Amino acid sequence: MGRAFGHRLGAAAIQLFFASLLVFALIRVLPGDLALSILADTPHTIETREALREELGLNDPQVVQYARWLWETLTGLRGVARSTGEPIRALVARQLGVTLLLALYAVTISLAFAIPLGIAAAHPKRRVLGAAVEGVTALGLAVPGFWVALLLILGLLRLFAWSPPIIYFGPLEFFSDHFALMIWPAILLAWQHAAHLLPVVRAETSRALANPFTVAARARGLSERRVLYRHAGRLALWPAISVSGVQFGGAIAGSLVLETIFGIPGIGRGLVNAALARDLPLVQTLVFVIVAIVLGVMLAADLLGLMLDPRTRYTT
Amino acid sequence: MFFGAEADDGSVRAPAYFARELGEALSVELLPFDRVRVTFAERNPHFLDILANPRFTISHPRHLMEERIRAGEVSLTPSDVGLVGLGPFALARYRRGSLIRLERNDEYWEREGRNRLPYLDRIDYVVMPDPFAMDAAFRSGRIDGGARGQAHYLSQERREIYEAELGASVRFLEMEGGNFRLAFNMLKDGPWQDLRVRRAIALWIDKRAAIPAALGGSGWTTPDLGPSNIPVPRFFVNWPRFDREPLTERRERALELMAEAGYADGFSMGHLVRGINTAPGEFLKDQLAGLNIDLYLQIVDEGEWNRARVSADYDSQQGRLTPSPIPEGTESVYGRYSSNPDAYAKHEDPQLDRLYDRLRLATSQDGRIQIWRELERYLFVEQTYIVPIAESINVVPYRSWVRGLAVPSEDAHTFNDHATVWLDRR
Amino acid sequence: MTSAAARPLTTARWVVPAMLGLVILFVALWAAVRGADPVEQDIEQRLLPPSIDYPMGTDGFGRDVHTRVVWGVGYSLAIAALTILFAGGVGALLGSLAAVVRGRTEYLIIRVADLLLSIPSFLLALIIVIVLGTHPAAIASALALGFAPRLARSTWAAMLTVRDEEFVLAARAAGVGPATILLRHLLPALKGTLLAQLASIGSAAIAMEAALSFLGLGVPPPTPSLGRMLLEGSRQYFETAPWVTLFPGAMLAVAGLALVLVARALEGRNLVN
């Protein structure tokens, strides 16, 4: 198993490297002067701009610039965000944890609901539940999360004269405020995430139910419930976790707009602000960090799968 | 004393924003008891009023800023060098992107005096990017005051909800918001070079409609010059003394003028629009469509906007929202382009130079008013380089128990120090 | 699952998306009949509640919300169509190419697809829109680039199961060129999965375009865009004039939902195959 894991780790590292290349290339494709974009909002002289170009190393060949950026990023996220003057390491440190917590809550809630629900709905007798699950899935995919968030805030205000806390606190600092703020975007993200999980869980469980060994289990006299959950449902676990891992990036992407609405100082909001401020080097680094995290999560999900489901051990 | 930025090689980098108004200083002397005497080459009675314009960033301290300014950073501000003052409050906590917490500063100099300022123990400035989330937080009682910022200022509709829900426990701070105008680029070729076309546009626009549509419902129509809340120049605020015929008559005349000028079928004109606030641009586009003018909106982000509005690249624009406390301070936005890069209308009309010189040399208040009226008439009617539309009012909500808050007298760019604020809760 | 049990289910799956489609059609035809202008302002009529004259009310500029919503849905569907076209064209083509040609080309294509997949599609779209600007073509390209890799990969994966089928081997033996094999034999076999994927890409494209517009990165005004209507409406008139936000939001959900359900219906049919 160590070998399989090592193989995947290597593949992930290569993927990350190429992803960094892609992100760098995409951003440098921008026509025009990067220094001008950065300085544009203050009247400045040509000399200042030239000095900035020197400082940013924009006069060096692209390969050198890429190498320098990659090196700076990998060795501790060195560098300063041009649009705010904050060191990138500090910026990422304070923002990343917040978004990861949010994504973690979302995925946990999602798995906790989607797995039992999906398994239950797979039973051919449960037509109504099946239809309901289909409906929830479809809505989760179709209705934009930010729209529901606005309605939610409005609803809470009009019905209960209550609004979520305005200052973000970490879970160890002030748990009740942390919870009261994060629960809402977590639920919304969980709903979107579950929309991807439910069909998979349901399909895998149905498939397992039609499997000969399940029939055998039934013939042995085990209760329907036991057959459903412990035998058939169990086979859906690994695919569910696999899909969850793959969709983790989607959870992070989904948090982009929600963080802005709820005032959560996460990396999603940081990225949006950097993009709107045209601070492209910062966008570059933040996207790289997010991709690294996403790949890491997918790797972790893979690892979990290796442990949970022996069948995957021998697939490449 | 020099109003501008000098480089180490002796060349002048940039004239200061109000260089012409600030005049030529011959000498500066330091007098005892912390006084300064500045001697000017010519009469300059409004020097202090110009300095009071909120757009000025005064460079201090010299030892931290001079070197960088000479190196070319001509718009360096004290906060860029990390200056922290000894005001009524001290920074207690700073969580970037979410909270700025200030606590009472026991070393504040007014603490010893009669009032023992400041009264507040603590102020939390909370960062809330979404205006609706701010509404929710205010109305549910989590915050005591609203935010400043284009999207956060209350529109008339939001204000009504606040009033309906909170009644007497909310009050509204109304601050000068700045003028909404259409300014032509006279240095670019186009149909607007014809005075009749510019007049037609000025007559056609329904200025009253701009207030609810483009300015959030709070404002008034005026040719220019605010603000309304500083005591002295009330008589400068010129309620529309021209183009006061009913809208239908004005529009008939506008159509006639366009036909006379040969543009009955209209034409196409570009218009620079700031991305963070497109409503005024959309309003203008629809208005001008009535004259068959296709005003195509060139929506740009902040970086490009700051570069573009001082360039001569765009056919027309709205300029930056900046009122001036006194008429003498308006040359930087109404004067000739070559000496005032920030000018709204890019023109090189020497008549404006002459008018501003006369204004500066006026020896009586009546004289000042009369010359100003003449200047306004020249600029807005006779030449119509600029079409003033309406002035906006920025509304910020506060709970009624927040007392002692001073309304900034210039405009919403001005800070208040909260030193005199107290809470009157039962 | 036997086909007999599945068939009534698959027909039933088309009912709801068909109804939603009819709703959109009805609303659109009604707007066409009324013939109002989506960008013409009438300040005196601003923020009017729904009535006979203005079925969905008017917005802050006095523009007719009904017509704007229809144009907005049209724009969203157009973006979805463009995205499907780009993503589908490029993605399915490259995926099938990889499956048919094999060897180094296959390896390269799949690796590049995986690479693009490692960046969440919304982030990719965000970066591209920042770089290229906000015209519809740029937005569609941005979204397409986010979805094409997924489509390429699943097309390729689906092809893997059939490329070694007898009828393909027979065709190759008969000397039929790869292009013909692709078009005549392989693609039709995967029609169901492919169409289902395209439909779900369409719904995701609509949701993403709305999110970009809500962030201010969508098509610039005064072109009607549902995401932007939600942005402007929720900021200033959320409670005083809820119709300004409710109708665009509802139609956005209807359009997205219709495509999602179409995708599910297509998948359902495929299970039978």
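Going in written order, the chains are labelled A, B and C, and every chain counts its residues from 1.
Quick note on the criterion: contacts are C-beta pairs under 8 Å (C-beta built on N, C-alpha and C of every residue); 3 or more make two chains touch, one makes a residue touch a chain.
If you're wondering where the values come from, they're calculated on a predicted model, not measured in any experiment.
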Quiz item: Quick one: do these chains touch in a line, a ring, a star, all-to-all (complete), or other?
Solution: complete
Quiz item: Farthest from chain A in C-alpha centre terms, which chain would that be?
Solution: B
Practice problem: Pick out whichever of the two, A-B or B-C, is joined by more C-beta pairs in contact. | Solution: A-B
Quiz item: Distance from the CA centroid of chain A to that of chain C, rounded to the nearest Å?
Solution: 22
Quiz item: How many angstrom lie between the CA centroids of chain A and chain B, rounded to a whole number?
Solution: 42
Exercise. Return the residues of chain B touching two or more other chains; collapse runs of consecutive numbers into ranges.
Key: 132
Quiz prompt | Sites on chain A at which at least two other chains make contact | solution = 150, 154, 260, 276, 278
Exercise. Mind pulling the residue numbers of chain C that touch at least two other chains?
Key: 216, 234, 238-239
Practice problem: Could you please specify the touching residues of chain C with respect to chain A in the complex? | Solution: 1, 111, 114-116, 118-123, 126-128, 130-131, 200, 203-204, 207, 210-211, 214-217, 227, 230, 234, 238-239, 245, 249, 252-253, 256-257, 259-261, 264
Quiz item: Which residues of chain B touch chain A in their complex?
Solution: 13-14, 71-75, 95-99, 124, 126-130, 132-133, 136-137, 139-143, 301-304, 306-307, 310
Quiz item: chain B touches which residues of chain C in the complex?
Solution: 39-41, 43-44, 46-47, 60-62, 216, 220-222, 234-241
Quiz item: Which of the residues in chain B end up touching chain C in this complex?
Solution: 131-132, 135, 151, 155, 157-158, 160-161, 206, 209, 212-213, 216, 275-276, 278-279, 281-283, 285-287, 289, 297, 299
Self-check item: Contacting residues of chain A [partner chain C, same complex]
Solution: 15-16, 18-19, 22-23, 26-27, 29-30, 134, 138-139, 141-144, 146-147, 150-151, 154, 206, 210, 249-250, 252-254, 256-257, 260, 271-272, 275-276, 278, 280, 283, 287, 290-291, 294-295
